[in-house]
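What follows is subunit A paired twice: with subunit B in the first complex and subunit C in the second.
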Partner chain A sequence: MLQSFFTALYQALLGNPDPSSLIPVYRQSIFPGVGLTTFFVALGMALLFYVVLNRVVTTSFFKTQHWAIMLLLTAVLGAIVAWQQAAAAVEAQLAETGEELAVAQVSTLKRYLWGFTATNTLVAVLFFILCSFAVKSLSVSARTTPVRWPN
Partner chain B sequence: MASTSKRHLSFWACGLALLLSACDVPGEKRAASKAAATTAATPKTEETTNKTTGLRQLNVFVDISGGMQGFVRANRPGDPGSEFQRTVTALLSDVQGRTTQGTTAGYYFVKENPVVQPTSYAELSQTISRGIENPAAGTEMPDMLREVLKLQTQKPGTVSIIVSDFIYGPKDPTQTWRVRTDVKDALSTANPAELAVSVFANTSEFRGNFYPGNRTKRQTLTGTKLPYYVWVLGPAPLVAQVNQQLMGRLDQQPQVHFNAKYEAPTYGVVTGYQGKGEWYAEPGPQGGKATGVSFTSLSAKEPAQFVVGFDLKHLPLAAQKSFSVSQLRLEPGNTDAKLVKTWAAAGGPPVPAAGRAYTHFTQISVSKLPSTASRQKPQTLRLALAPTAPTWASTYSTSNDSNIAGQGPKTFLLTEVLAGVAESFGGQSATGPVLFDVPVALRRD
Partner chain C sequence: MATLYIFGIGGTGSRVIRSLTMLLAAGVELQNCNRVVPIIIDPDALNGDKQRTIELLKTYQRLRQQLRPAPEAGQFFHTEIATLASMAATSGQERDPRVKETFEYNFSGMDEPLRDYLHYNSLPVETKHLVDLLFDPKSLNEPLTVGFKGSPNVGSVVLNQLMNSPEIEFFANGFGPDDRVFFISSIFGGTGAAGFPLLLKNLRNPKGNLAKKHLLNTAPMGALTVLPYFDLKSDETSSIDSNTFITKTKAALAYYQRNLPDLNSLYYVGDQAQKQQENREGGNQQRNDAHFVELVGALSVLDFMRQPAAVLQNDHHFYEYGLERDDKEVRFESFDPNQTRPLLGPALTRFQFFTTWLEHHFPATDDAVYAKNINLKNAWQTTPFFRDLRRFLFDYNSPEGQPISFKSWLRELRDNARHFVPFRLDEADFDKIVQGQEVKKGFFNSDTISRSYVRERLDKQLRKVTEAEAPGEFVRAFSEVMEDVVDAKVPGF
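What follows is the complex of A and B.
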């Protein structure tokens, strides 16, 4: 379920993984692994902003620009998670099978990895926004950041 | 406010550091880590699964009739012994070695009245190395087979090993044409479903009297090479096991296997090895090795090539050698799959880690696959290896052995003897059932 959801999500934006011999690694480990991690990072950042910084403790870090900083940070973390996990999984797979990639394949691999990193940055932003709206009602001082709705 | 901006800064610094440490491209970093991976993989040598289950008794029969005397002459100090003496002594020693591993061994002389006479390992081994002292006048080969099978059926899990020249020499030389039927009748005393016969041929120098099968005048030979045979009889899986574990030194020799059944070999599609096109390997329905291929795009313009590896360690060496484009059959199903080439691990392009489990490879090309070949309904192609006909048998056979010294290593009516064996298995030729027949599932991604 998770596998097909994340495969559909990423492939809708990226197309099939390239080189195609790595398709099983992407679909079985990279897409669901990175997708889930990104979701929990986004959720964690939203909770940090709305609950920790603006309920458990009271800080002056509650404005929309602060929220935007958290959004940016989540995006960066999403990019890092994507690159690191994907590169490590691809690396492990290549070492395990002993597959030799041709020069052209190495460049398509790089291109796909960068594409995946960029896509996951967007996914992280999306998840953070969704999580923000899910948890903002738990906050005390940031209930109306970035917008009043739905409170 | 000052405290918050400091916090921002540390967040960014932290993120940047992570980002920088992450920037490695897999293709570039791989050379170093690959070396580490190969060294880690090599100690994982295959476990020799000592399947002693099933094999409970090994009976060894050595023909010591007068006709065998020439193979086992007494040697002078420093003589290397005849090929026969070296091979059979080592074989007996290996059989004896198995007795500490839960298999009991029985040793028998093949003589006359009674045809098989029990003896001990020491006595049999000594007889072969010192020479036959009281040779039997001659043993009728079908009688020998009958007695061997009688002993064999007494105890389940028995494999019989017969060492003899297998010259068919009936008392009445006008009856030699009956050989086929006689051999068939002798073997038919056992249930053919529970019997497999492997025949290994070998030659050894022969010094002494040779008694032709057609009962013509005896000939005295001084070191001419003559054939002798080692037959292995028993239930198919046990014969395969004995061939594997005890017949190693006859591996390279001419051989033929009747009614043999082999476990389907481990096989799988090898990723990243001599491949082309857009596809990836997929594990079979029960997981494990990749026995399927999914194509992300496939057309006449974008044909694909993939490699299937086989682990043929458990097949006889002759069968392993026969792994070739001419012997390997590809049943393409509803595709246009074709065999491109085959090679053995040792003689082909360097094998990557993914293919280390396999000993032989075949490259297959496809360009057409029905668009309905989905995950649920894959197209199945089958790969089967047909056994080769033993062409050596006709070279080893003669219909007149009255001048054996001039003929070289030949056995009287050998082809007829082997035909009799084949007939006892319902006319199954030695090219009989396939050595393996395995499916590969093709899908569109």
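What follows is the complex of A and C.
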């Protein structure tokens, strides 16, 4: 289910993987792996902001601009996770099958990887926003950040 | 609901009521009553002290009316302050249109000299001679618009009109079985020295025409008589000479000794004069800075209300006040550790922390949970409650030269002599605010009173409520948080 959810999500935003010989590895490994990791990164960042920094300890890190910094960090982590996991999985796949890509295919692959990285950055942002609304009620000092709703 | 009626007579009466209002705002508890009805008696319509106190009382009343539910004991603005006219609703009386919705007794038409007030020219010749014997020509010819200028013999004649006024009639009609009366006046001036014994005598008069005489004759009645505590600068053009204060005091005390049999408690407070005030006969110019003696005077009201009625009734008590340490600069440490210090220290510190937070820390935390829960950022600028509160606390939007705020009151107490300096007034760091009781950071005490420390507690305490409930929730939460902070962190209380 996770596999089909993340495949549908990324393909809806990015289209089919290119070159087409790598479609199985994207669908079976990269999309669900990166998607799940990105979700946990976003959840972790949301918990760090709302629970650790604004419940467990007392800090002055509760404002909307602080939340925006966490959002930015999550986006950067999302990009790093996407690039590293996808590049490693593609490399491993090519090494395993012994397939050699033509120069034009390498260029296509890199373009798709950049697109995937950018897309996952947006997905990370989306996950962080969703996780924020899910966990903000657990917070003491940031439960109205970035907006008062629904608390 | 028991009510305390306070007759504040003359400029000193107004100034002591000002101090009392500040204490009540800070949550100092007035026991055995739920409501205070101040009635300021001063024929000087433009008196600066009176105008400032009335403005303060009105602001307090407006703030208090918007606190729903009403603050609990110990919380800011717990005690209700009401006008005499507004008592109609609770005492079951019909509203009397002659009794105005104000904190002052209405001396209308007091712009004539005493000579005309007495209809001197129409008096029989024998009476004229008696009047000439009692009053010098200057007293007879000066208009009464600015009061009695230190002449109690004038005041005692004019103030007799009080007893036939609709205000006193209304007061007597609404007087309840648990109600009490307290008089505040100075003994060395004109209005207060004359007005207090006159009022007492008439209220206790068993043959008088007032309603509920039986209640008025048994109700606990107390008084504060303020002895000289300041000097006035010498001014040959002024009718008031502070060199006569002691002589007048002696004469008045001799009178009081024989003529106040119906008073249950009499409080004396005074001090060696340490600073000369400007010599103003009255009017808008008579606006003396708040003085420590007035704060002590306000404590007498608290002490009077602390006593059970059974202890007061049919008995006479006399009190004086002594400082634990004769400091020229009075701090909380200067007070008796078992009486005044625990009574004033924590409450005033909580209120000063509240003021400090709103002045220095709220702008940096206006998007915190506590602020967003009541939409405080917007309400702070737009709603009448918060505009009044800002004015009450730190002179927001006050006309120039007419500050009524808690902060200006503390500033005046600090600058007057003897100095009352419990706080560093412009200090934003909570750890350093209370003089002599700083919160020290140590090896085992790293958690001082930081902005985050207070804000986190406010975030927990201040709940999300509707706009109408916001003032009550705001005051409740701040009262509780500041109580926690002061109890947990400030040493010496």
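Assume the second predicted complex is superposed on the first by the 151 of 151 C-alpha atoms of A that agree within 3 Å, B and C clash if a C-alpha of one lies under 4 Å from a C-alpha of the other, contacts with A are read in each partner's own complex, and residues count from 1 in each chain.
Here is the rule we go by: a contact is a pair of C-beta atoms (placed from the backbone, for glycine too) under 8 Å apart; a residue touches a chain by one contact, two chains touch by 3 or more.
Not measured: the values here are computed from a predicted model.
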Tell me which partner touches more residues of subunit A in the superposed arrangement, subunit B or subunit C. B
Now for A:Cys131: first (subunit B), second (subunit C), both, or neither, which partner does it touch? neither
On the A-aligned overlay, A:Phe62 touches which partner chain: subunit B = first, subunit C = second, or both, or neither? second
Who does A:Val41 touch here: subunit B (first), subunit C (second), both, or neither? neither
Of the partners subunit B and subunit C, which touch A:Leu77 in the superposed model: first, second, both, neither? first
Return first, second, both or neither, reflecting whether A:Ala142 touches subunit B, subunit C, both chains, or no partner chain. second
Indicate the residue numbers of subunit A shared between its subunit B interface and its subunit C interface, in ascending order. 59-60
Can you tell me which positions in subunit A touch subunit C when the two form their complex? 58-60, 62-64, 140-145, 148, 151
Listed in rising order, subunit A residues that touch subunit B in their complex are 16, 20-24, 59-61, 66, 69, 73, 76-77, 79-80, 83-84, 87, 90-91, 94-101, 105-106, 109-110, 113
Can you list the residues on subunit B that touch subunit A in the complex? 1, 4, 7-8, 11, 15, 18-19, 22-30, 33-34, 37-38, 271-273, 275, 278-282, 294, 296, 352-356, 445
Listed in rising order, subunit C residues that touch subunit A in their complex are 367-369, 372-373, 450-453, 455-456, 459-460, 464
